[in-house]
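Following this line, the structures themselves.
Okay, so subunit A shows up in both of these, paired with subunit B first and subunit C after.
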Partner chain A sequence: MEQREIILKIKENFSKSEVKVFDEKQFSVFADKDDIVRILSFMQMIGFQQLAIISAVDWIDEKKFELVYNLFSYTHIQQVLVKTKIERDNPKIQSVMNLWEVAQMYERDVHEFFGIEFSGNDDMRPLILHNWKDKPPMRKDFDSLKYSNEIYGTFKKSEEV
Partner chain B sequence: MSEILTFMGMEDQYKKYELFFGPNHPGMHGNFSYIITVEGHTIKKIDPDAGLLHRGFEKLVEQRLWMQNISLIPRICVPEPDINEAIYSIAVEKLMGVEVPERAQYIRTIILEMARIGAFLFGFGGIGGATGLYTASYWTFADRDYLLDLFEWLTGARIYHMFILPGGVRRDIPNGWLEKLSETVDYLQKRLYEYDRLIYNNPLIVKRLENLGPVTQEDAMKYGITGPNIRATGIKYDTRKAVPYAAYDKIDFEVPVQTAGDGLARAVQKREEFQVSLDIIKKAIQQMPEGSVRAKMPNPLKFRVPKGDVYVKLETAHGEHAYYIVSNGSDKPYRMAVRGGSFTAGLVYAQKALVGMRIEDVALWMATMDICPPDFDR
Partner chain C sequence: MLLTSTNEIKDNGMERILNFFRKKSLWMLHYCTGCGAVELPPTMTSRWDMERFGMGPMATPRQADLLLITGYLSVKSLKRVIYTYEQMQEPKWVIAFGSCPINGGIYYDSYSVINRLALYMPVDLSIEGCMPRPEAIIDGFTKLMKAIEKGEAVGYKKYRENYEWYKANQRNVLERTSAVLKEEA
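Moving on to the complex of A and B:
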């Protein structure tokens, strides 16, 4: 299928979604939070076999988290970014690990670094940050310099010591 | 006798053992660990445990200027650092709409292929190390040094080059460098036949690699296995062909495929791609055009990237390495997510594939699947 046909199919089934074309091999679909599992399973059905990455963006000024599901199709050679925004105060979204098993690790990763809850994904043991007590580090309001000063002490120049 | 022992062992509360297959194990690649539950020699359950190597690149990138990041990101992937600069530069160019001169595209292609050959040599050595054939790793590491010498001449650094920048490459090629590169390529071509005799026609290695963790085509697509490993299952897909970057659309090359998908097919696939990389370098040297090597870019300390986001992926020796970069129009990246080539294979697919294997196969499976811990701990 050409990119144009794929976009038409998405528009037919999900009239509320917005599509933005980046170039002939890449486009993004902005969907509603409640639609996300339906639209991803639809994409999987029309031949997007690979879930390349799940990542999150912290839009702190809007008080929103943006989740980006990056899919790739070996049949259509198309890269699609399926995006959705969720509230920053109560970040919660449905897990997609029933569609792609690899989502389990990506969701665990996003949970660890952004503190987003994925309902349906039970294994949220810390993967990288063991014994982490502060707020999730990839959030924009986490100050890494302040954190390291608190934990490891303030850095002094050699003359001051 | 062994059956009786197994029967007696059935009542044993210590029937199952937990084995920490971590950085202390000589077969482990880097600072990563698998917690393996074993029954005798057979693996029953596997639990990946990353985090010993985490350096927080995604956070650090947000605190530095667009140009400063060039010296930071090559450190994400250790065996093949140049791809990081290339992905980052291509992403910035796509967002800014910069056209890169043709000569710079060819120089990028040569650098990326040299890095790829270096990573393949690492991989050949890894297979040798995991099977006890240490001659292979000595030979390949020694040959990789010839490439590092060339890199040092071209860029001034041996491992992290920081040579590919947004807009092109840092400098033009010095006099006599291309001739020396041709000599090195001819030398590596000769050595490849030696590797065939040492590794790929070695009955012991063939016996160990055959039927080691076969991957089916469906699993490869579903679990996000990419690069040479997906081509070893028979899917003829190469990012260099499908979504061309640098000068790959101007260079004629054929993508080899295997069908079996097991450890031997994966190893042979890498050997075939080594040959392809040598051919690409030869053709790039022949076709190298004249001209400038860098497009006009704004002041590197002040330039801003327009608002937008882009996903750029490149073909590497261990799969598809990709960045998702978001810019909010300021002088620093707003967000950069890294997709390591072996993230899914090492963390998710391993939990399925390694069950039922023996302990001694874990290191070899990791070598043939190109599990690279910096991909998880970026």
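Moving on to the complex of A and C:
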């Protein structure tokens, strides 16, 4: 399928979604929060086999988290970013583990660095950070420099160690 | 603060004679963190040829004398580095590469990279540069050999003497029980 046909199909089924084309191999779809699982399963059905990564963006002024699902199709040689926005306070979204098993790890990663809950994905043990007690570090209101100075100390020339 | 300073635990007498032989046969541990690891293959192999100083790579910490911290050290690998260091047999020496183990380098504001290695384990020598060239590394190695001969490179003794101080610092990072930054109400 050409990119044009794929976009037409998406528009037919999800009239509310916004499509933005970057070039002949890449485009993005912005969908509503409640539609996200339906649109992702639709994308999988029309040939987007691979979920490459799940990423998140912190739009702190809007008080929103944007979730980005990066999909790739080996049949159409197309890359698509499926995006959605959720509330920043008490962020929660449906898990897509049923569609792609690999989503388990990606969701765990996003949960660790942004604190977003995924309902349906129960295994949220810490993955990368060691003994983390503070707020998730990739949130925009986390002061990394202050944290670093507080726990790892600043360089003092006079002191012998 | 540290209980004993380097001057009080310098090597004397018989140790100095042993040190003369020790400095001629240093085995460095194959343990790499950060970006300095890429500088080691040219240092080891024919271009700069580390072996002319009597140094060689060793695969296990129990038979190595030299631990190289080659660049930035995240909290997760700090734990492994401490395990490795404590497994090594004395006498043992630590060399820190580049600016990251001294003051954090470009990771000065990172939430997962430590700023000063000297708080968690004794560093005998720091080589400046980001990253140091093989010439600088060789220069550092010869400086360490001179320090060993003079009996000044006694980091392992310092670690033994001030064990509680180092352990407290390590625990502060690795086994924290509460959040570091206070939540604003």
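Everything that follows uses one rule, which is that the second predicted complex is superposed on the first by the 154 of 161 C-alpha atoms of A that agree within 3 Å, B and C clash if a C-alpha of one lies under 4 Å from a C-alpha of the other, contacts with A are read in each partner's own complex, and residues count from 1 in each chain.
Keep this in mind: contacts are C-beta pairs under 8 Å (C-beta built on N, C-alpha and C of every residue); 3 or more make two chains touch, one makes a residue touch a chain.
Since the model is a prediction, treat every value here as computed from it, not as a measurement.
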Exercise for the section: Using the superposition on chain A described above, determine whether A:Ser144 touches subunit B (first), subunit C (second), both, or neither. Expected result: both
Exercise for the section: Determine, under the contact definition given at the top, whether A:Met1 touches first (subunit B), second (subunit C), both, or neither. Expected result: neither
Exercise for the section: Tell me which partner A:Leu51 touches in the superposition: subunit B (first), subunit C (second), both or neither. Expected result: first
Handout entry: Contacts of A:Ile77 with subunit B and subunit C, given as first, second, both or neither
Key = first
Practice task
Please indicate which partner A:Gly153 is in contact with in the superposed arrangement: first for subunit B, second for subunit C, both, or neither.
Solution key: second
Exercise for the section: In the overlay, answer first, second, both or neither for which of subunit B and subunit C A:Val19 touches. Expected result: neither
Practice task
Scan A:Lys135 for contacts with subunit B and subunit C and give back first, second, both or neither.
Solution key: second
Practice task
Mind working out whether A:Val37 is in touch with subunit B, subunit C, both or neither, as first, second, both or neither?
Solution key: neither
Exercise for the section: Determine where on subunit A the residues touched by subunit B overlap those touched by subunit C, and list them. Expected result: 128-130, 137, 144
Problem - subunit B to subunit A touching residues, read off their complex - result: 49-51, 54, 56, 58-59, 63, 94, 221-224, 235, 237, 242-243, 309-311, 313, 320, 322, 324, 326, 334-335, 337, 339, 343-344, 347-349, 352, 376-377
Practice task
Write out the stretch or stretches of subunit A touching subunit C in their complex.
Solution key: 128-131, 133-135, 137, 142-148, 150-155, 160-161
Completion exercise
subunit B partner, complex, touching residues on subunit A are 22-23, 25-26, 28, 49-53, 55, 57-58, 68, 70, 74, 77, 79, 81, 100-102, 104-105, 113, 126-130, 137-138, 144
Exercise for the section: Write out the stretch or stretches of subunit C touching subunit A in their complex. Expected result: 2, 5-6, 74-76, 79, 102-104, 108-116, 118-119, 172-181, 183
